[in-house]
Amino acid sequence: MKIKVINPNTTLSMTAKIGEAARAVAAVGTEIVAVSPQMGPVSIEGFYDDAFAAIGVIDEVRKGEAEGFDGYVIACFGDPGLHAARELAKGPVVGIAEAAMHAASLIGTGFSVVSTLDRSRAHLEHLVHAYGMTHRCRSIRTTDMAVLDLEEEGSNARAVVVEECRKAIEEDKADCVLLGCGGMSDLMAHVSREIGAPAIDGVSAGVKLVEGLVALGLGTAKRGGYARPLPKTYTGNFAGYGPTA
Amino acid sequence: MKIKVINPNTTLSMTAKIGEAARAVAAVGTEIVAVSPQMGPVSIEGFYDDAFAAIGVIDEVRKGEAEGFDGYVIACFGDPGLHAARELAKGPVVGIAEAAMHAASLIGTGFSVVSTLDRSRAHLEHLVHAYGMTHRCRSIRTTDMAVLDLEEEGSNARAVVVEECRKAIEEDKADCVLLGCGGMSDLMAHVSREIGAPAIDGVSAGVKLVEGLVALGLGTAKRGGYARPLPKTYTGNFAGYGPTA
Amino acid sequence: MKIKVINPNTTLSMTAKIGEAARAVAAVGTEIVAVSPQMGPVSIEGFYDDAFAAIGVIDEVRKGEAEGFDGYVIACFGDPGLHAARELAKGPVVGIAEAAMHAASLIGTGFSVVSTLDRSRAHLEHLVHAYGMTHRCRSIRTTDMAVLDLEEEGSNARAVVVEECRKAIEEDKADCVLLGCGGMSDLMAHVSREIGAPAIDGVSAGVKLVEGLVALGLGTAKRGGYARPLPKTYTGNFAGYGPTA
Amino acid sequence: MKIKVINPNTTLSMTAKIGEAARAVAAVGTEIVAVSPQMGPVSIEGFYDDAFAAIGVIDEVRKGEAEGFDGYVIACFGDPGLHAARELAKGPVVGIAEAAMHAASLIGTGFSVVSTLDRSRAHLEHLVHAYGMTHRCRSIRTTDMAVLDLEEEGSNARAVVVEECRKAIEEDKADCVLLGCGGMSDLMAHVSREIGAPAIDGVSAGVKLVEGLVALGLGTAKRGGYARPLPKTYTGNFAGYGPTA
Amino acid sequence: MKIKVINPNTTLSMTAKIGEAARAVAAVGTEIVAVSPQMGPVSIEGFYDDAFAAIGVIDEVRKGEAEGFDGYVIACFGDPGLHAARELAKGPVVGIAEAAMHAASLIGTGFSVVSTLDRSRAHLEHLVHAYGMTHRCRSIRTTDMAVLDLEEEGSNARAVVVEECRKAIEEDKADCVLLGCGGMSDLMAHVSREIGAPAIDGVSAGVKLVEGLVALGLGTAKRGGYARPLPKTYTGNFAGYGPTA
Amino acid sequence: MKIKVINPNTTLSMTAKIGEAARAVAAVGTEIVAVSPQMGPVSIEGFYDDAFAAIGVIDEVRKGEAEGFDGYVIACFGDPGLHAARELAKGPVVGIAEAAMHAASLIGTGFSVVSTLDRSRAHLEHLVHAYGMTHRCRSIRTTDMAVLDLEEEGSNARAVVVEECRKAIEEDKADCVLLGCGGMSDLMAHVSREIGAPAIDGVSAGVKLVEGLVALGLGTAKRGGYARPLPKTYTGNFAGYGPTA
């Protein structure tokens, strides 16, 4: 089985980290290919970045279909381009925010999200609401770190994340915590150990969900809202992206 | 006051129609500039088209800020790029789906949406849920027409739309109807008359909402989720889109 | 266009203030008539006051229809008599709580309400729930001021309101604030400036929404729950209010 | 124990019927006084009628407090004046719509409401939503009968109500049915028998709920939203209604 | 009328206390029989205890039907076995959590629950959500007391409960408080007095609700989800529990 | 990895079928042990059966912990005993209703459930609501077949299931369908093929979800509502089930 793990931003150190996290949990026989789009933002911190990152994600899924991938993980905690990518893909496409939330639903009674900048709070709230997780979400906590701070050697990012996760458990009554950024995908074991409660990395969770769906023979449903894009003309810089029959 | 009405697709006959609808309701002193993006799909019928159209919308808002526009209407009933556009704009940005739903909330007890292809149903449901309109939405009806069918001279599009609107009123107990496509913006008066109940065109509604917000001195809130995009590097085809300070 | 702005209480200094706020934002060509009912409470602080104020509002709409008004604003943040008034009116009727909430939905990701006495909290919660705004409402804050304290010359009302609005932004993560009383309609610009974020006065917002709906040719829907009251006999003190055909 | 059962309309034949229904279920030792207000509509069919009826209800509760009543039932299926009445009353106040819905929640998995004119649908939907009953309400069915049709000797009202109740059970999968009008309070046993499933009359249910609350020593909570109305001046025709300390 | 009040745990001192609370509010002519199951946990503090207690409850309802009981109260604040018991019973079955929540809905604008160990929080949240009470629940507060601490002579349980109830009123803006454990059924009057606001014991409330429903002739609906269990074979230790025709 | 798949009823032909379905999708290296409890109902068709089945499930999880299982699937579409089982288990426990719903959320925009007897409708609605899936559930369809009809050689069960699934797709606009009974676990491929859309068997989905969680090192969260049962005395027939330290 071949799974493409798409880091929607273009910071390759993060892509490498995400690829490692994905390979660490992948089953024997699963080939993980971790990529960044050829274009787009170096980090995703808001709706604007998200919109451009979505195109990069879509482009990777488009190519992935030709390359024979069985499924996709979108490795940014805003799930950019998720629904559009599903229109393209025969196999499953899973975003890491939804992966983490669904996993949390199966092992705990209430989760908190620990993310980076507070400006992403609204986007996270939109996802919690859209995914039907309002009654399971104890809190969204932010750390005042930029996404790329997580890439800095020697930063105190780990300690900051652990501290917020601990508060989520102790003050907000969460019993598990979601690591709210693809750049935290190397922290799952460390944080879990430190806080004595499950910390869920969506990249890892996403890989296992996609593996599972593919093994079940379940691809994206093609009779309704995720039907293949209709063939039509695209113009300008996007001329090459017009769907064909 | 200058309002940019952005038809997110690249079909100029529709842009012209939308511009006319906008100008027909604009206040004296409001300048309406109706545009299509320089790139993107000729029509928007699903999440894939929507993702590309979002970039076109964002691009028009980016340019619009330099051109001195006071506010924006996104004239596709999926509200593509809405949240991202708000990060860019100092003034208000309103999508025609939300415009129509908010207007309907002020004049009726329950609305139906009459749209084009059934493949858009899921997207419309997402918007209804996200906007908190679930308890006001009586039904979503589709017509099995493609968006561009509405541009065909001599098609029976009008009759089909009227017929579904009538069913929404009679069978689904709606007391007003939303015209669920920018390409229906010329049908508001006709449909209202035929069905004896308000039919709401989101383009027209969006123009009046933006005019109102601008007159109130209300722009997009800049302290939270709609703060300006952070300056950062964008690469590849999107290199020119990286936000600057 | 003629808009009747109804201050549902009988305190004429507040009516004058509300009228000024309305006129300050009204379009050229819009005539604002600000009135108080001939009967009812001097201020509205709870469900009991609200019930009596509703009759006053209805009476003013009833007369307004004869006087040729095109639309109405109900200028109390509990929206008294809103649904009943809509049965009477051919044109639109907008309450200032809903006006402020809808406006906030178009410019921010989450709002707080800053109101007067804490006893109104339950009523405000009912409205937030009824209007589908639960997921957008960050908090309801009260100030321990009576409504009429806002009319006292030399009171510290302004400072108190500003302080709570600031807390809403900083502690509750709202990105815009609703002024939760018609008597705060003179504070919009001042509060916005002080807190560096949009403060929304429902009177001003209501005027622009009504103007917009009228310009669109949209009146209250008459096929469902807002159909004209059925002709019937009313008795006793209300004998004169029985609807006629 | 003395319970005042207030028929919010002024049709005395209905008041008598409601009184009979109340007395038929009242405990030994409970005195039922069934009244109509001195003023207001002969029937309540919409928001406008409801607003005037609310004042009548309030007036009866105001007098009731002086007369030593222990609790109140508001015997119209729109629960007019409910929250305002609670501010006045030391004891409990229960509306028949909420009474019926709460009773249904305790005996079935999903209810339907069978009411009179379709114009009341929106009002009923508001109540279902406000009371948190959305997930229990299978349908709202209307009969195209006016409220006063139920008072006509020899009408086919009974048969019509039974027929809609039967459809609610068979087509809408309800397992119990709410009689959606105070004027149906004599039909509870008949309908239950005919449809082979519980039919709930809110008048009867309301009496038992009030009796129960009074027996528990539970009156209306007075520390929050139902605190006594603040003393203040009322003017005009309502001068006599200003709350006193 | 005979009502069986089932303490789902096997601690007889608690059963006695619950029986006393029930008898203290029962109407003349109501016979209260308070029982514990013949098997099961000494206290219920989590989902595991709840599952076993459910069987005990069911067994008591099964016997109760043969013994001629008219209705049942399940006297544990997790409502164990509620839906299953309803399949067995011809009359009504009410759990004390739902009884307290429904009663609170009729007298206040928002309630808090004060319970025992924090591990029950998730279960209580499930019930609040399932019963449609999310928008009425101000907070769930726990006391770090085990259920059986409430049975200790000379413990400070009363003081602890009062203190949390007070905080619920003052900090969380509740206007009434639910005593979140059957073992608190002797505290209703004391707590109410101390906090100056209604404290609701579900046992007492449950008795009055069952009495009321029985008096109305309302038993459990038998056409849908609460139809009698289908006759079938049960094996092993449960062989005796297989439903018969 | 060892996964225990618990068929909560005692019909061994169904257990065998469920075991086969589980093994068919299990990864190399996953050992599937399919069991039925030693006690309980031969089929689960309502809340009463569900309560007894829960004990059987719990008992199998209790033994499973001693036997060294890594995770559990509860193979009845009512998820009996799910929360209680989670208190016992260190590893993950997944019910097939939740498994199917979560899987559906990842591949489609809206699902329908096709189940057996209509009496289970209320239970299914409870689960949909509890799991936050209300806005994704297009319909619940039932087939008027008893669970054990699915075990009959030569019955038309397959055809009936296919027919209802087809209606769900065509009439209710679902884009995927959940097979709403463990006894349908052999129909996944057949139904998918017939209806041209994904049919999801919860047994298969549950196995892959548990495998995934175990591979991620994610067990049930133990700091909150799923903490181990507190040590305490159980009496009577359940004496052996009292939790120990």
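Each chain carries a letter (A, B, C, D, E and F) given by its place in the written order, and its residues are counted from 1.
As a convention for this text, contacts are C-beta pairs under 8 Å (C-beta built on N, C-alpha and C of every residue); 3 or more make two chains touch, one makes a residue touch a chain.
In this text the structure is predicted, and so the values were computed from the model without any measurement.
Put simply, the C-alpha centre of subunit C and that of subunit F have 51 angstrom between them. A straight line joining the Cα centres of subunit A and subunit B is 29 Å long.
Separating the centre of subunit A from that of subunit E, both taken as means of CA atoms, is a distance of 43 Å. Within subunit D, contacts with two or more other chains are made by residues 86, 109-110, 118, 121-122, 129, 134-135, 173, 175, 224-226.
Taken chain by chain, the contacts fit none of the simple shapes, being neither an open path, a ring, a star, nor a full set of pairwise contacts. Touching pairs of chains, sorted by label, consist of A-B, A-C, A-E, A-F, B-C, B-D, B-F, C-D, C-E, D-E, D-F, E-F. Note for the complex: subunit A touches subunit C at residues 118, 121-122, 125, 129, 134. Considering their complex, residues 25, 27-29, 86, 92, 94, 98, 102-103, 105-110, 131-136, 169, 173-176, 188-189, 192, 196-198, 200, 204-205, 208-209, 211-213, 215-226 of subunit E touch subunit D. Those residues of subunit F that touch subunit E in the complex are listed here as 10, 37-43, 45-52, 54-56, 58, 81, 83-84, 86-88, 118-123, 126, 129-130, 146, 224-227, 229-230, 232-239, 241-243.
Taken in their complex, subunit F has these residues touching subunit B: 109-110, 135, 173, 175.
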